[in-house]
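Two complexes follow with chain A in common, the first pairing it with chain B and the second with chain C.
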Partner chain A sequence: MKQNKTMVVAFLAPAVIFFCLIFIYPIIRTIAMSLFSVENVTSPIRDWTFTGVKNYITLAQTSLFWQSMWNIFRIWAAGGIVVMALALLFAVILNSGIRFKRFFRAVMYAPNIVSAVALATMWLQYVFANRWGMLTNFFSWVGLEELAATQWTASGNKFWAMTFAYCFGMVGYHMLIFSSGIEKIPQEYYEASAIDGAGRVAQFRRITFPMLKGVIKTNITMWTITSVGFFIWSQLFSTVTTDLDTITPMVYMYLQVFSAGNAVTAREAGLGAAVGVTLGLCVVLVFVVTNLLIHNDELEY
Partner chain B sequence: MKKLISLLLMVALLISTAGIVSAEGKTVVYWTMWESTEPQGKVLKQAAEAYEASSGNKVDLQFKGRTGMREGLQPALDAGTTIDVFDEDLDRVNNTWRAYTRDLEELAAAANYEETSNAGLMAAAREAAGGTLKSIPYQPFVFAFFYNAAIFEECGIAEVPATWDELLAACELIKAKGYVPITSDDAYIITNFGYHLARLIGEEGVRRVVDNGEWAEEPAVLTAAKAYEDLAKKGYLSPTIGSAVWPSNQNGELAFGEAAIYLNGSWLPNEVKDMTGPDFRWGCFSYPSVENGINGVEASNFGAQVLAINKDSAVAQETFDLIQVITKGEFDALLSKESIGIPADSSNTEWPPMLSAVKNVMDSLATRFSWAAGIENNVNMTPYIKQAFQQLCGGQITAVQFVETLETASK
Partner chain C sequence: MKTKKSEATHRRRINWRREARLLPGYSLIFIWVIFTFVLVGWVAAASLSSTRAIYQGEVFSIAKNGLNFSNYIKAWNSQNVSVFFSNSLLYASVSSVLLILVAAPAAYVLSRFRFFLNHPIQNSFVAAMGVPVVMIILPLFSVVTQMQLLKQPFTIRMLMIFLFIGINVPYTTIFLLSFFSNISRSYEEAAAIDGCPPMRTFWTIMFPLAQPGVITVSIFNFINIWNEYFMSLIFANSDKTRPVAVGLYSMINSMRYTGDWAGMFASVMILFLPTFVMYLFLSEKIIAGVTGGIKG
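Moving on, here comes the complex of A and B:
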């Protein structure tokens, strides 16, 4: 068939133009902005002052930024291990032929369709509340008064309380991705291995896990992207003024770009852009390392 | 033929559109920080409708919410979006967005606006804008200690504490009756420290400490920290003050009558009215003076939301007329009633009963602090101050450790 180049260009142009405007231009502008002192994200370029890598040096010298990076690393690493492990476990159980599979899958996914605001309020006002919280009542009921008296949202505890609440809602999402991966594995493999005497654990180790490498990679990438964007839960666990337990790089960036809660503080969009570039590099780094460590092109099915 | 019909239809459309414009008059685009479901949003809608009915102009009222304004206003203005009037906090409008606002001196003078306005707030608006009037205040507020008057009465506290010693004496009486004397939540807790430090060294001193990291160098920091260490040791602070995530203590122990005092803005009665019910009796007193302090109960943070007109607005006079409808007479009174807020119009002398005790405090203020007396001025330090102060109030660290922690964090 003869190619009509004009038509190809005409059909591709809108998509390419929009892609450049919506993705490429903001990325380039953000990288450029991170090398300047800029008060506001929409400040005209004539008002930008070139400062080179000063914003990155400032970040490197700011202990609060490092605290935010430490928090996000802990959410990503500790939370990630728990979420991935539980998600994989539930996905395997759901695909092991249990009854009411669709019901359980829907229940586990349910937190994802509830607003994060509602979920965080539930955790704060119902589960972690000191007066009538579920944990307080439960530990009182079983006679563990010391645990019942624990202030779950006190400094030191609040980070883990927030991370636990966040992870609770994320398990279902990643379980669904794992589950779709497991469903693609041909049943013949399991049948053949069962005839050869393999049990559930051996089937998981020898068949399911190796064949889920691609899905694991996808899940790690998705988890990294959502972790880097950790913001709403942090805001809800420390309304108005952020604190050391809840601050994440996104919150730090917000403070720099849009000023603090009630106080009118100086804005520095250039510094905020440097935070954004740093986070982008972190995602790329995780993606590269994941690709180096996990090879999923050895198996074809 | 088709082309002719298309042309005729287009002409008809243009004529009809022009007809609508001339029939409906001018349009004032108003971006507000309130949500449509809030009492303030509902009253603003009514005020806009009243203005439309009386003027023949149209008001395009857009409810943006707090974050919507903080994140979206300036980009929208930079992009040339038509916004004739916007509102937000007095300091934010006059500092952050001052370049986008129109000078209102002439419009205000022509309307004799200040005949019935709050002189203190107008002065604050001028001061924040560098000496000229660039915004009109409404929804005034004051930051002070709010208390449960029934508990004070039961404890035999006849006079509100004006000095730190009087506050300690009141706390002892309250504690003896089995109540929690002072409570707070994480959103407001460090304002306590800000006010105490500001009593000792003024707001400029607080900003110097916070911005320059003079936590160990400034002896008043340790003095203020010791005052709260003392409160914690004596059991005058809520056992959950170090962990309460807003609004758990204001909606809990304060609203349910188990705690007596909370340092907050005059919006507090409105926020907790569903928990307290209409019979809750509120009292109010300015943060007490402290020994060797350089200011006293006459200094506090008071302010307002303000309305500012876009410098590029083509309908400035119409917009100012709308502002007058909102901030004067009937709708100012309605706003005060519905939001349990302070009226901006000085001729609206009737304050909501829940705020009657605030009037004395408001009238007694002569020095204006900015938010939290400057203690939240450094975004890189606020989380450290918050955590250390929560730990100090929770009895987990001493005043000396508090100072050391912040000195280390600031370096």
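Moving on, here comes the complex of A and C:
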């Protein structure tokens, strides 16, 4: 028994130490930092001055921050609905017995293994391009000259162009998660319901969808986590450093703390920490709400 | 479909009525897949043509323009792309190997032994997978700066490996945990009867048995670290330590401004190809890695 104890400690220690250094300590320090006035990120703790919720109040009065929250909310909500609907649709199609399932699945997931810098540039410089762009060529070929002349990455269209391109890449990932959930549903349920005369739509409504509750929860959680980290796409689609169309909280934090741009009025790293805590709370909130709304019914399959 | 018997022997024969019922599904997937192919195909063609051909919309007329591999050579030599590549290779390979050495023993202990911290640790690892980078980046940055680690390329490289390990420990551990729980306990029991101490049992018997899971999660970690952007931008944004994604981002940007479109698309392909080629060979393993770490 004693040998087991040393083994448990020896085997767990490295992982737990890494976990504490990379997660526990920084999280605690970020939360603390958001309640202090910190002139520079690198300022030692003794130079911090406690200001309570002042950083959060400042954030609430900053229109740039609200703009970034509004943008991320639209990406999360509108993009999320589209991505989840398409992902579920494709997962159902791929599991309906079509040929080349593995090939199609692999192609749809492919955008996720490509560097986001490459993928975003492909969209930006090819699909949305003006002279040689895919959309321009497609619409003039169909004869819709008005659409063909659209400047997809101009100020008014840029946000949705970015969201659309981003969602295209994400569908594959969420499709895989839905798909793995559908594969776990016992085939007998479908056979039994088919004998009782259920069609494909009824089968989807009465079997597939209810059995996917756990997977839906996973998908919403994962979508929220990746949305919160929305950064590269915004950087690539923005033409100026502080682009109101594309700014997200993470970009705002980056500009505020690592002050690459001139968006910053006051040097205040505490604000950056407050942005981090706000985003963390958003993830927790979404997680709690989804768990309240979707009961798991203790289904184990 | 002459007789029932021939239908049974040729089960993979096309049943047209069945396929026709699946037609809407097929067409939707076809549109998606064709779009993806055109997207990548056009960029690949453009990277081999010339800026003039791109302007004239003739990237596919290979007969007229030939294949310009010079775009790639020019892009590769315009900045230290080989340095970016060796950095990415170093970060991704060393971190994913060390990750296994850190996570596999932990996963094994968590899957096999009962002790009072077991479930709290598992739960905090699962929770850590949901922690956004913004929540941890500022303290990490300030600690690291105070330790003077961002001054020399060598310390930056070590730091990046350390960070990539730390960030991925929770996911890797949880992934391997479910893998170890599925291995029968009878192996350890047999080893114990033969007098093999538990630690040796792990390294000589259990760890090799978990090989498929180890390989899957390592490929997955490798690609994730290769493509990582934000932390590298904050910590490793210097000429000698930049990984490919950060390095090529600035290259793509500068080529955009100089109007070297062929060179820009070549840079995109340089960034795109390594993980894509890996994916061509390993897509099944990678897809298993995505769904493996998630509880259905």
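Convention: the second predicted complex is superposed on the first by the 269 of 301 C-alpha atoms of A that agree within 3 Å, B and C clash if a C-alpha of one lies under 4 Å from a C-alpha of the other, contacts with A are read in each partner's own complex, and residues count from 1 in each chain.
Here is the rule we use: contacts are C-beta pairs under 8 Å (C-beta built on N, C-alpha and C of every residue); 3 or more make two chains touch, one makes a residue touch a chain.
As the structure is a prediction and not an experimental result, all values here were calculated from the model.
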item	value
First, second, both or neither for A:A273, with chain B first and chain C second	second
Touching partner for A:T42 - first (chain B), second (chain C), both, neither	both
Touching partner for A:F258 - first (chain B), second (chain C), both, neither	both
First (chain B), second (chain C), both or neither touched by A:Q203	neither
Touched partner set for A:S238, first chain B, second chain C, both or neither	first
Touched partner set for A:T51, first chain B, second chain C, both or neither	neither
Partner chain(s) touched by A:T30 [first = chain B, second = chain C, both, neither]	second
Comparison of chain B and chain C by chain A residues contacted	C
First, second, both or neither for A:S193, with chain B first and chain C second	neither
Contacts of A:T290 with chain B and chain C, given as first, second, both or neither	neither
Chain A positions touched by chain B in one structure and by chain C in the second	41-44, 125, 131, 258
Residue numbers on chain B that touch chain A, as the complex places them	70-71, 74-75, 78-79, 89, 91-92, 95-96, 186-188, 190, 240, 242-246, 248, 252-253, 370-372, 374, 376-384, 386-387, 390-391, 394, 409
Chain A-facing residues of chain C, complex	18-19, 22, 25-26, 28-29, 32-33, 36-40, 42-43, 46, 54-55, 57, 59, 101-103, 105-106, 108-110, 113, 115, 121, 124-125, 128-142, 145-146, 163, 165-167, 169-170, 173, 197-199, 202, 223, 226-227, 229-230, 234, 244-245, 248-249, 252, 256, 261, 264-265, 268-269, 271-272, 275-276, 278-279, 283-284, 286-287, 290-291, 294-296
Chain B-facing residues of chain A, complex	40-44, 62-64, 67, 124-125, 129-131, 151-155, 157-158, 237-245, 247, 255-256, 258-267
Of all residues in chain A, those that touch chain C in their complex	3-4, 7-8, 10-12, 14-16, 18-19, 21-23, 25-27, 29-30, 33, 41-44, 89-90, 93-94, 96-99, 102, 104-118, 121-123, 125-127, 131-132, 134, 137, 173, 176-177, 179-181, 184, 214-215, 218, 221-222, 225, 228-229, 231-232, 235-236, 249-250, 253, 257-258, 269, 272-273, 275-277, 279-280, 283, 287, 301
